[in-house]
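One structure below.
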């Protein structure tokens, strides 16, 4: 019964594409999770830093881009961060101060391209890894580039047991962003590296998302921690191009939340929540992964190793 | 709007492991689906012919098998069918008489080994293909063998449009049995061959099954037709070894149904039903597959062909 | 309990390489097996017709053959039979008269080459198939040719149940001659075709042969019926080149028997016998094949179909 | 006469599923074999590390698993070892200290799946290879996964001659676990790679096992070293689920031994022993392999290379 | 020692392309062979009837034929025979009268094409078969057509033993004309049908021909009876276009003989003769074919039946 | 006139089954051929390395092998070589040092089976190919295995013209060992791949061999280079089992030579020699192959592709 840690998902949103305000939000929410719930790991949504420009077209049409779209992109570019950079240092400081491991969605700038990235920040080692989304969806494709096989980490991380402090709990942590969760070959790759705490930062607040999270937990025999943004118009810049200027309404829901924590047998441990800002916390008994793999291990006894290869090649 | 066909899933169970009675059930249910609902395709549950010996251990222990287990296996073996055989001919006759395409779970006998198989029976061409489950689960592994890459068909089938009879509807049909649905590499293989009508015969009546069916429809952008058995003790032979002799109750639920039909966007079109015997029917607009693949096609634009291969090798 | 037939192995030897005398022996032994034991199938040893020239060298040395060896070969050649020929017709007549199915080792002449062959003779259909030994051993290689993939039959044969005459018993019968039994790819080929009554005509009377017969029955989950010759010098022509002329002794044992019948779980049902002339008879319950395959079926559930192929190619 | 080495099989059992006690047993038995018999190679039984949960069902029924079965699996999982790990390092130290080459059955943990594995440990190079059982039998299928073609080593190993120390003896060593020995295609694969010291760790103590070991030695023209566990109830944890709680008896025999060493011509060199703890030692004259292959080499002159392929494909 | 017949080859030539004169020659030579030597079978050379127009070009050049060449062909055409025709009837009468089996080379007319043919004439049954040369050589290709698979007989023929008249000798007879003897696939076809008396009518009188005849006898383990023409200019019509008009010499040797009879072990039994007209006779012990096949039978034990096919397909 | 190379056949024998002495012989003979004759290619006899155990029976009788025969085999096995191995490296060094291409008969060891093999060694590329005899003769069948379709090379090799050094001569080289030369389907296979320098290592010193070599050259329109051993008793180990111990005579001829070089028109270019040790050298004008194929090409214009297939299938 000792192999237990406590983890949280944070439902919140970017502060009007403002970096320092958003970092402040991050700090206060992380401290709250620690102080109120005693959490050891928090997951923030996709694009929490940088923002998700919901509803925008960046004035793109098939075969045409307007100058105002280019200007909009410049603004969005400037709101993003480099990795590492002062922003990631600040996150590391909060992690160190609270002792909380952080998984967070950020918009990463590298040269002229933006990436939708998840970063992993350790209280002791600081920024330890990042994952770039490998497959942007639809219009995301004209604002974000594609990650590749070099940023698909599954991190080994030792925690102190939350029920028996002298005991060390070995875990493996990964992140899969939004509709990457619908790419079975990618999930299989993570399963094959032994992910146990499968983080899913997202902005998909559809009802079907809940089914997918439960399916993935059951299929992968892992804990799924899905953190979604909850955002209304007032959380966006007032001139946000994604909203029809003639029809603005500060309370209009842009992204509807649905953050959730699920066990390796597909049981919902916390959530889904539809509150604007919320922290869900649950105890994760890592032995449940073994219990679950007893009858289903899609990269072990429940695979056909001679006829398939979990085939995600590094570049 | 013409690319529409009408399809059904049948919730029912094997008749006390009695072949001819079960074939009679098949015939009356198929005729009902045709006459009442005008269906063009029916899916029957896993092991509908042959039966699912729920709760049995076949007197197996780690390192030991008792003679009574071998005798129980002889009985189960004798209840199974060869493919082709008079049983498949009878199914083909009903298919021909009703004009209904049939996908059905059967227990197949080949030499000394049984397989959990799905057969595909066409009104005109008769028995056209079969799929053998590639991964039996837990105890199933001591009663069933493993299928391999040679029986993973995705069938091209032309139907008459159910809304505009002069129009021909091209479809692709596959079958994935029970927990095979949790093997992402297998699903990807079927996606890569273009399955549109993804049949899922099963005996899993868990709540999590519903999540998985919705997830798969959404992930694969295909219609999912899941047919589960509903069976009580009285549907089993009176001496069924899977029930404790001291505790028999004819009304005890052995398998609890949950058959369902889902659209390529993850919407539930019919069910889930928990009735003992039920037929769910829905109109499938094949254009919905295209609509769905617009933004997600995990073996097309939403794949990373440079770094992954949908890798299911034929033997 | 109805799937039972009665079968025998005959331990005997060729009558001084004399064809008509040997056919007389065959007839009286077959009639005895029928009348005394009520047998339905008899297996005779390797080379029963034609003879096994034990101890001969045919005057062959590496790089040299002497004329007397060629003359010895002419005699041996003339003692062999063609298939079909009057000899096989006589065997068919006895089979018809007694109703007994016959499996028998013969030396077959085809053009200039001799083959060590097993023939299958049915009471109704007469001569139905033959198997030519594919791998002669050591010195046999200069008197016999090699059979190939075109004569590896596994015959389907229906018998009347010996315990419930109205019941028909379906069986599959094959023959593997002497050290062919040590070729695992050949055995696997026969297993893959479903052999149930695995006949093993031989002249190997070593102690190790008994281990192999038990192993094969257990491995193949089939009945093994091994018929070995028992022969003394007086059963050979007086000038047999295989015996040193200065040291003749009519009672010297040339081939020492060891015929045996074994069940699919490796249990000895009859024998081994070391008597000069003997008939062993046992009831074969074909359901034992199914009972055995419950936990071991090397060409079904106990195989790895994606990584191996039972690979015996036809020519 | 110089091509001789001395080898042993150890008959013993796991110490109540306790790892460190079992490693102590391993050390004292290996030292005894070295000191008393001067052995150069020892073979330990299947699952010696990790244990063989004889009689358990892990609360599995067809179509159902109970929570207590999952908990039993967690315990069994925790008793297993990773490869490499401190346990394999300890084995390597004993091997180095004694100069004895070790082949041993262990339960290997990899991700969520357990494998029934044999390890090969060299006095100089340490852990050099492992073989995962490719086909678990019956109930083993719900506790162990399947190995594949990537772990089928036949190791080249040079020993000092035990009769003429200045002479180097070249050997080839393989391991085939329990009923894998009944898979003729697998054996043929090992024969094709030239195995000479064919180790067979097992827990099968049936009488038929002896026949199979002799057959395999004769068929493969290799030395067969079969090490079986001998275990009574007291060698199991007191709450072992494989024993009916109402009927415990510490002296009840759970696994009955039968370890044996056999020559390439099928002669028994040592054993079979039915003692609880025993070490059998024999001198292996490697030239006997050549003598044996003179008239039977199923992957050389006694094969039909144009019509068959020893076909075990690597994944 | 009874399997013996007596056979002859006749060395002679066509009588100035005159049919009736040539038939007279045939009759007197056959009677001589019978009366002087007691022969039972005679072989006459290639083109004995019809003639071999040695040295002619039929006024053909690449891309041109002169009218005088056409006229020469008309003459040659008229000298040939149809099969059957009065000429073959006359041959059959002589065969009947003498009791001698005849194999003879003739030029056969069929429609507008000539064939170089061998006929087989039986004393009792008359004309029984023919073989048309399948591959004319060089310039022969503009005067003769190609035979095909429908005329490749190997005839079964019973003779009275010449040493023990009450004994019947079974033989198989074939004919291969001139350079057809250099076509290994054709020879193999005849071997595969069991030829024992391999007749080789020819006009090739090179020294190398002797080597080939010995090789073929040894390779095919058959008697080779090669009959060659011996002809001088005076045996041709005086205006024979094959001789330079300015340089005629009646004694000039046109075809130089070399007829020969060879045993199945490659030993020369009679000849080679270089006399103008000669009859060679030898006793053929058919058991020598068996003696020879003891160590070489290229279509039996000395073949690789799984990897090659004796492949001469009938049209 | 430039397409000419100079080639030799070496008549010699194995040095008392002693490997290093035999390699010394090889080196001095190759150097002599180079220095005295300026040769560019040498052919050594069958089994030159390893030896031909003429007259032995390896104590084999039909149905029996004596232990002394197994021991004799162990000795013979130890005298053989692996390919590649230090022995083939030494041959390659000599080839490199002298610039001479080597074709040589060796006894090859592979696992437990010996093969009668020919190796091809290039001065620049070293060991380039091997051919295993596909059909051992008579007693050879109990000491050698059968090669198959995978080792039937016809090598393309460029030589410097020996008459015009600036000119490159393209050749194709093959090897056919001893009585393989009597397998017409094998020869046809080599012809079909275009062999021009047909090497025939042998130990057949019969008179008929000369006929066969001339026939094959003429039939195949290729140069035939036949190298035979010449050996007396003193060239064998003193205890050679192939000689009657009571009748030893060091000068007794065991193998009588007869090496020879023949042109594509069947003309003898050098030999046959009956000297104990001899080197025959001849200039090979490759244009003679074309000249010969003008009127006979059994796999080209002199074939009947409609009705035959040169049918040697690869495994």
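Order of writing sets the chain letters: A, B, C, D, E and F. Residues in each chain are counted from 1.
Criterion: a contact is a pair of C-beta atoms (placed from the backbone, for glycine too) under 8 Å apart; a residue touches a chain by one contact, two chains touch by 3 or more.
Predicted model, so just to flag it, every value in this text is computed and none were measured.
Comparing chain pairs B-C and B-D by the number of C-beta pairs in contact, the larger count belongs to B-D. The most distant chain from chain E is A, comparing centres defined as mean Cα coordinates.
The chain with its CA mean position farthest from that of chain C is A. Between chain A and chain D the CA-based rotation angle works out to 85°, given as a multiple of 5. Here the spacing of chain B and chain D, counted between their Cα centres, is 41 Å.
Chain E and chain F, compared by their mean Cα positions, are separated by 36 Å. Taking each chain's centre as the mean of its C-alpha atoms, chain B lies 64 Å from chain F. With centres taken as mean Cα positions, chain E sits 47 Å from chain C. In chain F, the residues touching two or more other chains are 58, 65, 138, 142, 146, 148-149, 313, 315. By the touch criterion given at the top, residues 52-58, 60-65, 138-143, 203, 242, 255 of chain C touch chain F in their complex. Residues 192, 194, 221, 287, 289-295, 297, 299-301, 303, 305-307, 309 of chain D touch chain F in their complex. On chain A, the positions that touch chain B within their shared complex are 134-135, 137-138, 146, 148-149, 179, 182-188, 206, 208, 210-212, 214-216, 218-219, 265-266, 295-296, 298, 302-304, 307-315.
Residue ranges on chain F touching chain D, taken from their complex, read 58, 65, 67, 69-71, 73-74, 77, 110-114, 142, 144-150, 313, 315.
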